[in-house]
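Two complexes follow with chain A in common, the first pairing it with chain B and the second with chain C.
And now, the complex of A and B:
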């Protein structure tokens, strides 16, 4: 019964995580409150907006019991602005992710995507959240009638995806054996696609340079240096 | 924790306990799916989640006979969510089983080393591992090992500086998201010093960050 899948998340698993994101809906039918396993669901009273997980929103939408309000960043206006930023202002890095809420007290578990409300109706309009591509695609598929201009959104999402994939491919040049580079703003599905390549290259380069690194580790220990200290010798010239 | 702590916590963080448990379970599942090594068994979390799933299934069973369309739809919602939870828990356990099957002796040694209050394996996993290994050892012994000289019969030999016990690649590259500032992280054997700030996403060696993943300051993505 062991899992036959290799390490790393498969696209359906990424979509599964994305379905936990909160989205805002306008219910068309009453639904009494429910004690769900992932937290209580407040009663739905039309036409009051309510934030609910995406899987439930899709279920309600399919049965025509609710309309989904697309998040503000998924509007043609915002997407066009982000696309312009991605191509003109920051040709090398991804556009920054949405700003984080203040950190909760130290004894609680810090929330992260998909549990941050980054795709509700009052989310930020100027940044792509972690699950932007999955969420956008799912909403366009299940609820195209809730968009003002679904075709334009589709086109812009496609443009963004291509611009960002090109950056991921260009980023290959910075890969090296030690790992240690930032990928702020990367999306879940993009990561799923690029993961095996990135980790494969880093691991492969590390294995090639292994003997040199082992020798260096040994020297560091003999000299009593902590491995983090700067080390200045012929090792550096060989780069 | 006394009542004041609990009240203070409720004050700053209005997220319900159930949602936080789901966050933790999702995080543990992703970590187990991606990280090369096994994480400690989240005993308290699993107990709470499994208890809730069990009660929810009972509730569904109690109400299944009800033909009122309104209740019926409520049941569909509840059931859909139960299935989602069952998938999460199952995939989590199976990912752990895969690691136990791939590196049984290594994990057994790590489990013995681990703190009794935070064991690496759950009691059921430990039982599975030991009885599976006992069966394997008996089988190997009966089919060929017993015909070898005595000093070549061990399965965990370390003579000559090479250990027979396979272990996962602890330096494998992983992607982490920083949940709390951890400051500078050094990668052993290189000049790299990484300044990890909250919200950053880093590609980094598992061996350099595993402590922080365990303590919940970083999460695997």
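And now, the complex of A and C:
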């Protein structure tokens, strides 16, 4: 392989994507409106709250020009509730992702991760958004003084991460060469961490079950079922 | 599998027991008999690629093939029973460095539903243990050392992959602190 990187995204890349998320800040200084590639930014007027991208919030925080308001799900109370749900109520499934807001009637394009206000001050408190782990870690690192109880949050985040990674690893036992594994609610960083392992297991299982697969295809063909032409072509390329 | 895949080449080089169905002149060096013939019915360990070619090539019309293949000792019923009983304790590396690849190649030649089941279940079960060990910083040195020494080549790659991704996340978290 020419590129020494594993397939998928590396943790710094996932964190970079996460920096597009909007967070709420309380500016301490006035700032003119900015024309950013991601859209215009309204002028910041202290002490009015404003939603801005995470990368800008981290920059302003570092320069002591703003305070970041952590999203509601990053409070010790909600994290403890989610952790309890993960370990007690549903030891097999992941806690569900936040519900999508109702679509405005004029807009038919469904919103997804970076365009949903899932980490601003008015986000849902009872569900972990897609970028929960990386956003939480970065906020705890950059702005621990904006949390009520940073150490408690840090401890709960670590507990959640451990519990969910253990579930991901246990999930391989139900994997099958052709089967699926329900991963609703799994976050970006968790996916990045588990990707190479899970794909490795599926590849190995496919290799072992290849002859069975071929026997099944043969049988299907004899029974008069013929897979479409381009499906066959794909199969030839894989081998 | 590509032409230059080292693991595929090494898999094909593993020995399988073959029984000659015909006497072949001047092939005695295969069983250490430098100048003699191979007698009919003699058992020789041949590399998989050679045994496969001889077994599926057709010779004289009366005898369908030159040699008959047998299961390699790494896939004997004894090993499969051990895998069924407790997959974790079997030292696959001592049996065959490319155990699962060998199994897949043998399954191309023989039709054995049960072997597929046993191998897939063992692979899945061991994969979960591998992931646990890869995330446990003391796993490779402490109690897991014996198990990790018995991993076959596929499983080693799996261990390395999951260890590296866990390490990458840890590195990223530590870099944030700087």
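Definition applied: the second predicted complex is superposed on the first by the 206 of 239 C-alpha atoms of A that agree within 3 Å, B and C clash if a C-alpha of one lies under 4 Å from a C-alpha of the other, contacts with A are read in each partner's own complex, and residues count from 1 in each chain.
To be clear about the criterion, contacts are C-beta pairs under 8 Å (C-beta built on N, C-alpha and C of every residue); 3 or more make two chains touch, one makes a residue touch a chain.
Just so we're clear, the structure is a prediction, and the values are computed from it rather than from any experiment.
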{"item": "Which of chain B and chain C A:208 touches, first, second, both or neither", "value": "second"}
{"item": "Which superposed partner A:195 touches (first chain B, second chain C, both, neither)", "value": "both"}
{"item": "Partner with the higher number of touched chain A residues, chain C or chain B", "value": "B"}
{"item": "Touching partner for A:186 - first (chain B), second (chain C), both, neither", "value": "first"}
{"item": "Touching partner for A:9 - first (chain B), second (chain C), both, neither", "value": "first"}
{"item": "Touched partner set for A:165, first chain B, second chain C, both or neither", "value": "second"}
{"item": "Partner chain in contact with A:32 - chain B first, chain C second, else both or neither", "value": "first"}
{"item": "First, second, both or neither for A:56, with chain B first and chain C second", "value": "first"}
{"item": "Partner chain in contact with A:91 - chain B first, chain C second, else both or neither", "value": "neither"}
{"item": "Chain C-contacting residues of chain A that also contact chain B", "value": "177, 195"}
{"item": "Chain A residues within the chain B interface of the complex", "value": "1-5, 7-9, 13, 16-17, 19-20, 31-32, 34, 36-41, 55-56, 59, 63, 97, 100, 103-105, 107-112, 114-115, 177-186, 188, 191, 195, 198-199, 202-203, 206, 213-214, 216-217, 220, 226-228, 230-231"}
{"item": "Of chain C, residues touching chain A in the complex", "value": "1, 100-101, 103-104, 107-108, 111, 113, 116, 119-120, 123-125, 127-128, 131-132, 134-135, 154, 157-158, 161-162, 164-166, 168-169, 171-173, 175-177"}
{"item": "Residue ranges of chain B in contact with chain A within the complex", "value": "1, 5, 8-9, 12-13, 15-16, 18-20, 22-24, 26-27, 30, 33-36, 49, 52-53, 56, 73-74, 76-78, 80-82, 84-85, 87, 91, 94-95, 97-98, 100-101, 169, 171-175, 177, 179-180, 184, 186-194, 198-205, 208, 216, 219, 221"}
{"item": "Chain A residues within the chain C interface of the complex", "value": "6, 10-12, 15, 137-138, 141, 165, 169-170, 172-173, 175-177, 189, 192-197, 200-201, 204-205, 207-212, 215, 239"}
